[in-house]
Every structure is written in C-alpha cells, then in structure tokens.
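Both complexes shown next keep chain A, but they swap its partner, so chain B is in the first and chain C is in the second.
What follows is the complex of A and B.
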C-alpha cells in the first residue's frame, strides 16, 4: 500500500474543503471495507484520505417527515438491528442482515457502500424497490438523487468531484403493502448474490389486485437495475399462475448479467426470472396480510 | 477470452486499408492512447489510459504488426502492455478483416485477449463491455477523421 495523508475533520464543511483542495488525489473513507481492500491491491492509490468518522451525528438513524433517514456513517449492522427500521421497514433490516458476515456489517457503512457502487451489493436493490433517495453534499450545496438513478456504470455513481454521500431517505410503504428481498446464494452464506431481487406490492382496497409494484435486481448488470416493464405487467392484476412467468420474461429482457465464477450470463438471466417470481409471491403474501390487518 | 466485433466505416475498402496501415494515425483514433512511436518498421511502443470505475490504468507497452495481406484484406497484430503501479497487464492478438458493406466498409476485429494480474481479477467481468465501448468510439473517430480527409 502506498503512503498517504490522513485527515479526520470534525465537520462536514471541513471535510468538503479538504476534498476540494486535494481533488482527484483525495478519497473519502468511512468503514474502509471496500477502499482499504482496493488500496491493498493497489487498484487505487489515493494520496489523501478524508475520514468521516469524527463528524458527529452522521451515523444517526431517525424518523424524518414520514421517511426513515439513515445517516451515511450508520453501519450495516446498525441498520439491521435498528428498532425503528425493524418496525417501519422490516424488509430493509432483513436486507442488511443478508450482507456478507457480521464482521463486515460492523464496519461497512451505508454511505460508503452506496459510494462504492459495486453492482453486486444487497442494500441498493431493496432501496430501489422502496423508492429511496440518496442525500449528497458538495461544495455547491445539497441534493437528493433517487437510488435508481444514482448508479451510472460498473463501480461508477452520480457522485460529483468533491461530493459526499450524507445519508439515505427511505419512504414508508403505503397501507396494504408488502415487500420482500430474495438473494440467490448457491455458494456460501457470506457471498455476494448470484442474483438478488427486491419487490414491493401495494394492493387495491379489495386486498387482491395490485395497485402499485416496484421490482429491482442486483448482480445482473453493471449496476443495480429497476425492472419497470415487469412492474407495468403486474399492476392491475391478481396474483395468478400466468402472471409470474410473464413478469419473469419481462425481467429477462432488461437484465444483462456478466459471466463470472458465480455463474454464466445465461444462467443468471434464467435465475433472475425465477427469483422475481419468488420475490413477487412473498411481497404479495405480505401485502395481503397487511390488507387483512388494516380492514 | 476471445471475441469478435464489427463496425461500419463510411469509406471504401482501399482508403480504409491505407489508413489502417499507418499505425500512428490509427492510434490517435483509439480512445485513451497518449503516446505512440515507431520502434522499427513493424513495431511500436506507446501508452494507453483506461478507466474502470475508480481505477485508472496507465498501460505501457508494445504493438507489433505481424501480417499485412492486402490481397485478402486482412492484418494481424499483437499487443502487450503492463501497468506497473497496479500490477498486471494485457496480452492481445488481434485480426482485422475488411469487407465491403453498405455505404462503405465493414471492419471486423477478432481479439484473443488475456488480462493478467490484479487488473484481471477486478476487471474480468466488464472487459467485453469496455472493449465494445472502446470500439464504438474508435469507429466514430476513424469515420470522422477519414471523412475530413484523413
């Protein structure tokens, strides 16, 4: 690993000013699970590391204007075990629980994982299905980007130069809704998914027909993706034997998997259709239970 | 890894061939090429910058033209380049074929590529996609340069 300078500012403004001063040579570090690995492999060699860990409050998980706001410095483990997240958005707690091993979850942060933009991660998939937004701050001010628009290419995000992820805002699902995250994991429990799918389903007052749905997938393209074609197919429908294969076919048309040691592109494409069927079924069942509970 | 790519260049076969055999000129149409100089009649050395996500590679290496057969409109070349900092490099054998196509010439490139070391571990899954993006830009550059009169 190359030698580098290390700064641990106490305020975000100070962090942004250091980033502005050092430009390309500076990298933000939070939990370090991704960046340090890449530095060890010399894939990246920043001359300046700006840690966000000394900035107070950046790890908060709180309710804000109907959303759950998760600070960038919250660890995966903190989201997994947060009573607020478990109560309001249980699918998100479950998604974070599925990430790697507990040792990694204790270090890896929510903001760091988003900024890393690895297309095989779990949280972005569920965040897209939930309609979450990433909060960013740079020298020019604050902005919010829907998570589905945040990922641009393989390990590339919408983060501008000198910009930092400050948190993620997750809206609450409407009444009569259900959500599911399914991770196809044929190798080891701490592996990246071969295919991952998150789905949310909101039902009409009849408790059967779908009013709204969102479907997102991970590990099937150079970024996590949203499958809007499949969503359109299920809206207005009841969960029937024909619906899931049709949704699966629609998903196969938008995935573009990479062949790797977790499977060939063709295999992952087939499994994407299967996993979408499972995620929709689970989300639908949860939505029905929720509809029964609220009537 | 082997793959075949094709693109259309809107000039006739003779003109495209003559241009392609002038390696320094062609190199300037390849996105990311920073330097290129002749070592002898068929060998060149140069450097190429490629970015994959947060990783910036600076590949230094050589390229050798192994065959130029105008009668069959076919050329073969070999390239080797390394990034010293990251550790790793590429070895490529490429075969170019020119065929008449609609409104110009179809350039067909068959590549046998090995990506070695750490670059390979990280980049293997996206090499084909990067190569496609590179070719698309190369074809555009080549087309516009030839239409401007080479």
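What follows is the complex of A and C.
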C-alpha cells in the first residue's frame, strides 16, 4: 500500500472541508472492505484518506416520513439484523444477508458500497426495485438521487467532487405488494452473483392483476440496471404461463453481461431471463398473500 | 505519515506508532508480536486473519490499524485464560477440528464470536456464520462438529 495522510474527523462538515482542500487526491473511507483491498492491489493510491467512522449518528437506521432512512455508516450486518428493516422491508434485510460473509458484513457499510459502484453488488439491485434514493452531501449542500440514476459506469457514480453519500431512503411498498431478491450463486455462498434480480409487484384490488412492478438486475452490465421493458409487459397482466417467458425475453434485450469465471455472457443472458421469472413469481406470490391479508 | 494509536488488545492497553498504511493484521503480528492471526488471501475472503473488533469479527488484513485507534481487539491469543483453553479451543482439539492448523486461529475466533452471539446455534446457523472461513485441508465436517461440541459444553 502507498503512504497516505489519514484524518478521522468528528463532523461531516469537517470531513467535507478536508475533501474540498485535497481534491482528487483524497478518498473517503468507511468500512474499508473495497478501498483497502483496492489499495493493497495498487489499483488506487490516494494521498489522503478521510474516515467517516468517527462521525456520530451516521450509522443510524430509522423511520423518517414513511421511509426507512439508513445512514451511510450502517454496516451490512446492521441492516440485515435491524428489527425496523426486517419488519418494514424484509426483502432488504434478506438482500443484505446475501452479501459475502458475516465477517465482511460487519465491516462493509451501506454508503461505502453505493459509492464503490461495483455492478456485482447485491443491495443496489433491491434498492432500485424498491425505488430508494441516495442522500448526498457536498460543499454545495444536500441532494437526493434515485438509486437507479446513481450508477454511471463500472465503479463510477453520480457522486460529484468532494461529495459523500450520507444515507439511503427506502420507501415502503404500497398495500397488496410483494418483493423478492433472487441471487444465482452457482459457486460459493459468499461469492458475487452470476446474475441477481430483484422484483416488486403491486396488485390491483382483485388481488390478481399487476398494477405496478419494478424489476432490477445486477451482474449483467456495467451498472445495476432497471428493466423497464419487462415491467411494462407485466403491468395489467395476471401471472400466467406466457407472461414470464415474455418478461425474460424483454430482459435479455437489455442485459449486456461480461464473460468471466462466473459464466459466459451467453449463459448469463439466458440465466437473467430465468431469474427474472423466479423473482417475479416470488414477488407475485408475496403480493397475493399481502392482498389476502388486507381483504 | 506515522501515527500513534492506542488499542486494547486482549484486555491490555497498548500504544504503538505505525505508518498509516499498516493493516491491523500487520500491526498485530509485526508491531505487537501477536502472530496467531494469519494472512491467507489478503483480500478478506479466507478468514485466516479474523479478529474481533469491539466484539465483532472482521478481516484484519483489510482493516487499517489507524481505524482501530481507541477500540478493543481480541485475537486468538486472548481466548485462553489462566493457562486454560477457551471451550471452543478445547472442542477443536477434542473433536479433531483442525489438520494443518493454518486456518485454525480464524476458525476458532469466528466460532467464539458465533457462540457469543448465538449460544445454541443450529447446524444451518453454524454453516451460515462460518461462511468465508476456508480450510485448505477441507476439514469442514470436523470444524462444524467442534463448534457443536463447544456449544453443548456451554449448555452443561
């Protein structure tokens, strides 16, 4: 690893001012699972690290205006085991549980993972399907960006110079909704997905026809993606034998996977269609159960 | 770019001056002489460097030592007390939970963290918790048996 200056300020304002002063040479560090690994491999060599770890309250997970607000410094394990998240957004707790190992989940933070912008990560996929927003803060003030617009390219996000992720806001699903996260993991339990899909389905009052759906995929492109073509196909429909293959075909047209040791591009494209079918089925079943519960 | 940090390691206050780029693992091994924790993969995947930071298991090979400033670290050297092995260590011996031994410090520390959190884990909970603790001798069954035995001993 290269030599660097290190600061662990106690306030966000102080962190922002150090970042402003050092420009591109400074990087934000939280859990360090991504950054330290990249520094050890000499993929990045920042001259200044600004740790957010000592800023009090940045790890809070709380209900806020109908959303669940997860602070940037909350660890993956904290989200997975949060009673609030488990009760309000069980699919999100389950998604975080699928990341790496308990040990890594104890270290890796929610904000750090978003800022890292690796298209193979699990949480962004479910956050996109849930319509979550990333909260950012920079010298110019605060802003929010929908998670689906946050990722720009491999390891590139909408974060501006000197800006940091402060949290993520996750809205509650409407009544008669269900959600699912499906991670295709043919190798080891702690691996990145070969293909990952999250889906949410909201049903009409009849408890059968789809009123709204969101479908997102990971590990199939340079960023996690939303499959709006497939969403349009399923809205207004009942879950029938023809629907899932049609949705799968629509998804195959928007994925652009890389061939690697987790599978060839052609294989991943086929599996994306299969996994979308499974995610939609699970989300639909959960939505039906939710609709029955409210009637 | 050296930094003086203070840590509590296995219950003892330690102060050490280190370069900022020192990993916690290298700090423990090279600056504090605690060579029980091993470096396997160096990227947080294999579990050989597992230590507890404020009671939670982490990969010390991808943690910066400066980030542990002011915190508590427990390594495998901190498990035995008064010449008596920790129940998890004894169970690994009794049930044959290791072969070559390189992964054992990480396995034992992870298993201790498990039993601190879930005193009576199911086999599924043991397996899920121990994901990412690789054994090159592939002695996984005996490792699970050892943890089961340690949990049962805790119940008596």
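Everything below uses one rule, namely that the second predicted complex is superposed on the first by the 295 of 295 C-alpha atoms of A that agree within 3 Å, B and C clash if a C-alpha of one lies under 4 Å from a C-alpha of the other, contacts with A are read in each partner's own complex, and residues count from 1 in each chain.
By our rule, contacts are C-beta pairs under 8 Å (C-beta built on N, C-alpha and C of every residue); 3 or more make two chains touch, one makes a residue touch a chain.
Everything numeric in this text was worked out from a predicted model, so none of it was measured.
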{"item": "Fit or clash between chain C and chain B when superposed on chain A", "value": "fit"}
{"item": "Partner chain in contact with A:222 - chain B first, chain C second, else both or neither", "value": "first"}
{"item": "Chain B versus chain C as contact partner of A:65, first or second or both or neither", "value": "neither"}
{"item": "Three-chain overlay, vertex chain A: chain B-chain C angle, C-alpha, nearest 10 degrees", "value": "100"}
{"item": "Contacts of A:153 with chain B and chain C, given as first, second, both or neither", "value": "first"}
{"item": "Partner chain(s) touched by A:189 [first = chain B, second = chain C, both, neither]", "value": "second"}
{"item": "More chain A residues in contact - chain B or chain C", "value": "C"}
{"item": "Partner chain in contact with A:258 - chain B first, chain C second, else both or neither", "value": "first"}
{"item": "First, second, both or neither for A:53, with chain B first and chain C second", "value": "second"}
{"item": "Shortest CA-CA distance in Å separating chain B from chain C in the superposed model", "value": "13"}
{"item": "Doubly contacted residues of chain A, that is, touched by chain B and again by chain C", "value": "41"}
{"item": "Contact footprint of chain A on chain C as seen in their complex", "value": "1, 3, 19-21, 23, 42-45, 47, 50, 56-59, 62-64, 66-67, 69, 110, 128-129, 131-133"}
{"item": "Chain B to chain A touching residues, read off their complex", "value": "52-55, 85-87, 118, 121-122, 124-126, 129"}
{"item": "Chain A - residues contacting chain B, complex", "value": "38, 41-45, 117, 153-156, 222, 258-260"}
{"item": "Complex contacts: residues of chain A adjacent to chain C", "value": "1-6, 8, 29, 32-33, 36-37, 39-41, 49, 51, 53, 77, 100-104, 106-107, 188-190"}
